[in-house]
Amino acid sequence: MKAGIIGASGYTGAELLRILDGHPEVETAYVTAHTYAGKMVVDLYPHLHRYAETLFSTFDAREAIASAGIHFVALPHGESMQVVPQLLEGGAKVIDLSADYRLSHAGEYKQWYDLEHTSPHLLEDAVYGLPEMNGERIVDARLVAVPGCYPTAALLALAPPAKAGLVGIEGVVVDAKSGISGAGRSLSLAAHFAQADESVKPYNVGAHRHTPEMEEVLSSLAGEKTQVVFTPHLVPMSRGILATCYMRVGTEVDDAEIERIYGEYYAGCPFVILLGSGVFPETKAVSGSNYCHIGWNLDSQRRMLTVAAAIDNLVKGASGQAVQCMNLMQGWSEDAGLEAMGIFP
Amino acid sequence: MKAGIIGASGYTGAELLRILDGHPEVETAYVTAHTYAGKMVVDLYPHLHRYAETLFSTFDAREAIASAGIHFVALPHGESMQVVPQLLEGGAKVIDLSADYRLSHAGEYKQWYDLEHTSPHLLEDAVYGLPEMNGERIVDARLVAVPGCYPTAALLALAPPAKAGLVGIEGVVVDAKSGISGAGRSLSLAAHFAQADESVKPYNVGAHRHTPEMEEVLSSLAGEKTQVVFTPHLVPMSRGILATCYMRVGTEVDDAEIERIYGEYYAGCPFVILLGSGVFPETKAVSGSNYCHIGWNLDSQRRMLTVAAAIDNLVKGASGQAVQCMNLMQGWSEDAGLEAMGIFP
Amino acid sequence: MKAGIIGASGYTGAELLRILDGHPEVETAYVTAHTYAGKMVVDLYPHLHRYAETLFSTFDAREAIASAGIHFVALPHGESMQVVPQLLEGGAKVIDLSADYRLSHAGEYKQWYDLEHTSPHLLEDAVYGLPEMNGERIVDARLVAVPGCYPTAALLALAPPAKAGLVGIEGVVVDAKSGISGAGRSLSLAAHFAQADESVKPYNVGAHRHTPEMEEVLSSLAGEKTQVVFTPHLVPMSRGILATCYMRVGTEVDDAEIERIYGEYYAGCPFVILLGSGVFPETKAVSGSNYCHIGWNLDSQRRMLTVAAAIDNLVKGASGQAVQCMNLMQGWSEDAGLEAMGIFP
Amino acid sequence: MKAGIIGASGYTGAELLRILDGHPEVETAYVTAHTYAGKMVVDLYPHLHRYAETLFSTFDAREAIASAGIHFVALPHGESMQVVPQLLEGGAKVIDLSADYRLSHAGEYKQWYDLEHTSPHLLEDAVYGLPEMNGERIVDARLVAVPGCYPTAALLALAPPAKAGLVGIEGVVVDAKSGISGAGRSLSLAAHFAQADESVKPYNVGAHRHTPEMEEVLSSLAGEKTQVVFTPHLVPMSRGILATCYMRVGTEVDDAEIERIYGEYYAGCPFVILLGSGVFPETKAVSGSNYCHIGWNLDSQRRMLTVAAAIDNLVKGASGQAVQCMNLMQGWSEDAGLEAMGIFP
């Protein structure tokens, strides 16, 4: 099976190359990168020495379709929807890592991304690529929209109680801490070493674009409109997201029920490791891996359920999850190429 | 004026030495350290070269009282209450950085610290050393209990809305991120570089000893029992605490009121810098300083007020605040010796 | 094939478990850890979730020999030589990660480690486990002494010019920078986060125990006594060693010759990536991998050859190299289980 | 006394503002920044809250001369020489932090900076601003060229043995490790957090522009042409430079002589702390301060003297040293405004 990567010069593209190199069923057919077309992959990423002969090329839809059966699109939002329709028309399967096909409604896309959606008809076809929730739909999808890194962590923490009806009208607070690679390879003052090092800071408070994504999914799971108050923070590390989530719960909920809810929801899910009550995850334990660690605490006196989920933002939060979706779409083992455990310490 | 430091070998002790070195009114009379008695200060702390002639000594109450008029106690909880009564009986003023005199009730101390309080009669005399809230009482105190680092950050964020009655029966969520120096100089796996680096993790969820301190103060400000759900996290940096606080507010609250509430509460407070609505603090901007930066966001749709406060845990969260209290007790300028702005980047 | 790990609770033990989990030919038969006997592996290392059922046991030579054909010894120096002879007597193959069998002479061991060697007769049998240099001898070895992390980096940088006779009587300067995981999992002030973070410092200058190991190997390659001035430094990162090496060279040496010397020496070596003249390695590009990146600069005017090599201290500098040796000893592909490229960024 | 800062938006400009705020004799008259003219200082640097009313302005030589008696120029090289002559013609004193007036010969400037010097006649007047070496000349200077950060650390380590004739014809190896703030506030991939974090890498090997500066000064001290092989490295921390320097010495040199040489050279120098033989500096101990810590080791067997010096690159390596020069030029106490000890941990 041949796969192509469009927009391969960013961190999620590089991470796809790294993961696909170890995948038993896939070969990389082409890698494109607008700015770096003609450059060597190893000039940007010396760790990818097995791509020593690979050059970034310019995207051409016809060539792409001719050379690969599945396409990973790792372009920024707004650019992705310029190429996805062409690929689909050619009969290819597409896994899009951008935000362009994550939301169900073009209006909401417009509101949050300030762009007119140019292929709104595809929003209905696109399957939200969170395999732990949408596994069956992903199997049959021709277009998968891989979730954002923050929603992946938050939804893995929150899906079980949301589905169980524990998330009430008040909704949830998601306080997330992300490593700086989440800002991508593009230069910015926020990701400048001397500014970010030895500092923690919230950003885009009350206005982060991952909020509608979380609210849409949680509302759908809960069967009622669910509000998410989301505060992302930058912390001085390269990789990792920890999402600490707070839900007010009723007095009737107890530890045993929480454990049952999580256990049932994630039965058969190879990448979710439940640490259980009172044991909390650390991002380092999942670094470089596609695993998600989840732990929780029920404070009965204050009627608060606190759940924390840790992922590697570039793997389970992006490229690893994309490969996991591909595995499902192709009928391969869900963890093909993704078996590596975290690198620690 | 002569000051002594008891338990000076830890990070708060070293930070007191650093700050007092630049204080215009104070001279350090003695420094004690049980384990390191007889050792040079500079053997442990080469940055403190102006103490090149100073040795750690063993604590002796009589000598201490004879040689200094004010005493900083930087001992662990449980040990502090062994020396504070002796100092007070000798007529000295005491500023205690431990937890021993922070709570009002010996029963609560017993519950959270698992120790019988040996001088419960002093709990009433002890003044909680948060100058922005208790300034007038600190002026006349003979025993000041300096707040914990987490409560300092959280209470500076929450005191104005609590006093204004905005914190309802549901209470608040305090999601705090701390640098590793908060764990002190004592060795532990949690503070071992290779474990803590490149990782974020929650700890003591639902059970951190700073919870009762926050609840007691906020309840007193609000005039009603106020619950705090507190989750501390370790982040990979040496210094700094960011407390992100969430309160459900009524529909009648608007931006202008929030601004007025903060502005009025902190009028005349030299160490609180209000960044205002939509501007959020970063810990690096207060590093090495006694300043606290506060910013907030009111999400009217979700009726949530999010407030973040950043401090240096070893300065405003400990030794700097202790010196600020001394300045008030002695009638000196509140910021004597504490004028330094943050070290950035 | 069954393998056992003795002293598995440290970082090199954990790294062996991680690597062996992905090895196609090996199954882990037992893991011992004196202090943690009876504890779960995942209690110490939550990232190793596929060992969720594995307990640390106490070492018993008979049981060890009965259950596995190859044994990795990851004990501290001095303890290793207590178990290695028993294992060898039982006919097992042993790969020792300690310093106990690295030096050729018991007298030198005594001098540098201040211990009487208890099995000096084995020093002759032991093969120094640097496959790029000793590959053929490793194939037939029954006892392999895996090099220290610093010597691995330095010798990979220096072996080609040493063998080519470029390292003169003056010897070399090795200025090495190591991540803090090199200090192991044992707690110490030097590895305490708040002390090590945001700092660089030399340590054991002129007295580090890896010096004789480097001098012995380089002297053997050069065919004359070669001096190494070695300065290790701690830098604030978890993993990685960069060894920057300086050699005074003759006026007749030019760029083409340097390139030829390195190219010939490392022909057929799967884990050495030569970046070439003027391109320098960064430790992050080899993080989590068994690869070594080498780059150099010849300053003709100052007659100085500067060579830098980067490795992951826990992989190529310890556990990965141990597995590489096992692969050779077993006649497997040299890179079995070690194909992963670095994790970047 | 009024001082102005030209090019104040970079890190050295911000650091000047921080230091001058605490200086007893100086008031900041104006701050210019081409790109940020019209912006608030606190928009870029929230830690500088006492400049809350200060705006960056556009440089105007007449206004500058009218409003201040001393001018700090913190512009990039090439831009500095556009403004310095105008200021000098106006009779002002100038302290230049760029490279434009550090080298004695316009030809060498051209060679290393690839620019024609536009005021070569000033190179003779300019005094190299290393007070520990050039104190008396700085007192009478009207133009001081503050040394680069690397040369400051290396020359403080090397000046005493160079002057004592211990640095032979072979010269010295300077292996320097710098925090990332040395790259300035300008965005670059090398200073991008995710690239620089958890990594060490050499750069500009054999070609760094600070090499001629070191060679010129050392040759002058030694009285003969002295070669410097200089390798700068980036290490993942914000501040600090550690220069580890290697010199081949004769057999007649012993510990006592080394100690005497350093002791005599730095007698009366308030900012150099000699740690002595076998005690090595760490950058963290001087963080935020103008101090330099120096330690050494003489390996008699290998005839190698290893000396390490640690400074804060933005203070003693730039802005603090600039203020130290000003103090000498004005006849003030050399450490006015610079008394702060390092911030540790």
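Every chain is named by a letter (A, B, C and D) in the order it is written, and numbering of its residues begins at 1.
Please note the rule applied: a contact is a pair of C-beta atoms (placed from the backbone, for glycine too) under 8 Å apart; a residue touches a chain by one contact, two chains touch by 3 or more.
Quick caveat, the model's predicted, so the values are computed rather than measured.
Asks: Which neighbours do chain A and chain D have in common?
Replies: Output, common partners of chain A and chain D: B, C.
Asks: State the pair with the higher C-beta contact count; candidates are B-C and C-D.
Replies: When C-D is set beside B-C, the one with more contacts is C-D.
Asks: Farthest chain from chain A, going by mean C-alpha coordinates, please.
Replies: D
Asks: Would you mind pulling out the distance in Å between where the CA atoms of chain C average out and where those of chain D do?
Replies: Taking the average C-alpha coordinate of chain C and of chain D, the gap between them is 38 Å.
Asks: Chain B to chain D: how many Å between their CA centres?
Replies: The answer is 36 Å.
Asks: Just give me the whole-number Å value for how far the CA centre of chain B lies from that of chain C.
Replies: Computed value for the inter-centroid distance: 45 Å.
Asks: Listing for chain A: what residues touch at least two other chains?
Replies: In chain A, the residues touching two or more other chains are 11, 179, 181, 194, 197-198, 236-239, 281-282, 284-285, 287, 345.
Asks: Chain D touches which residues of chain A in the complex?
Replies: Those in contact with chain D are residues 11, 179-181, 183, 185, 187-189, 191-194, 196-198, 236-238.
Asks: In the complex, go through chain B and note every residue touching chain A.
Replies: Per the stated touch rule, the residues are 170-171, 173, 175, 177, 179, 194-195, 197-203, 205-206, 227, 229, 231, 233, 235-240, 242, 244, 246, 248, 278, 280-285, 287, 297, 299, 301-302, 304, 306, 308, 310, 345.
Asks: Which of the residues in chain D end up touching chain B in this complex?
Replies: Per the stated touch rule, the residues are 11, 14, 18, 21-22, 45-50, 181, 197-198, 238-239, 273, 275, 281-282, 284-289, 291, 293, 339-345.
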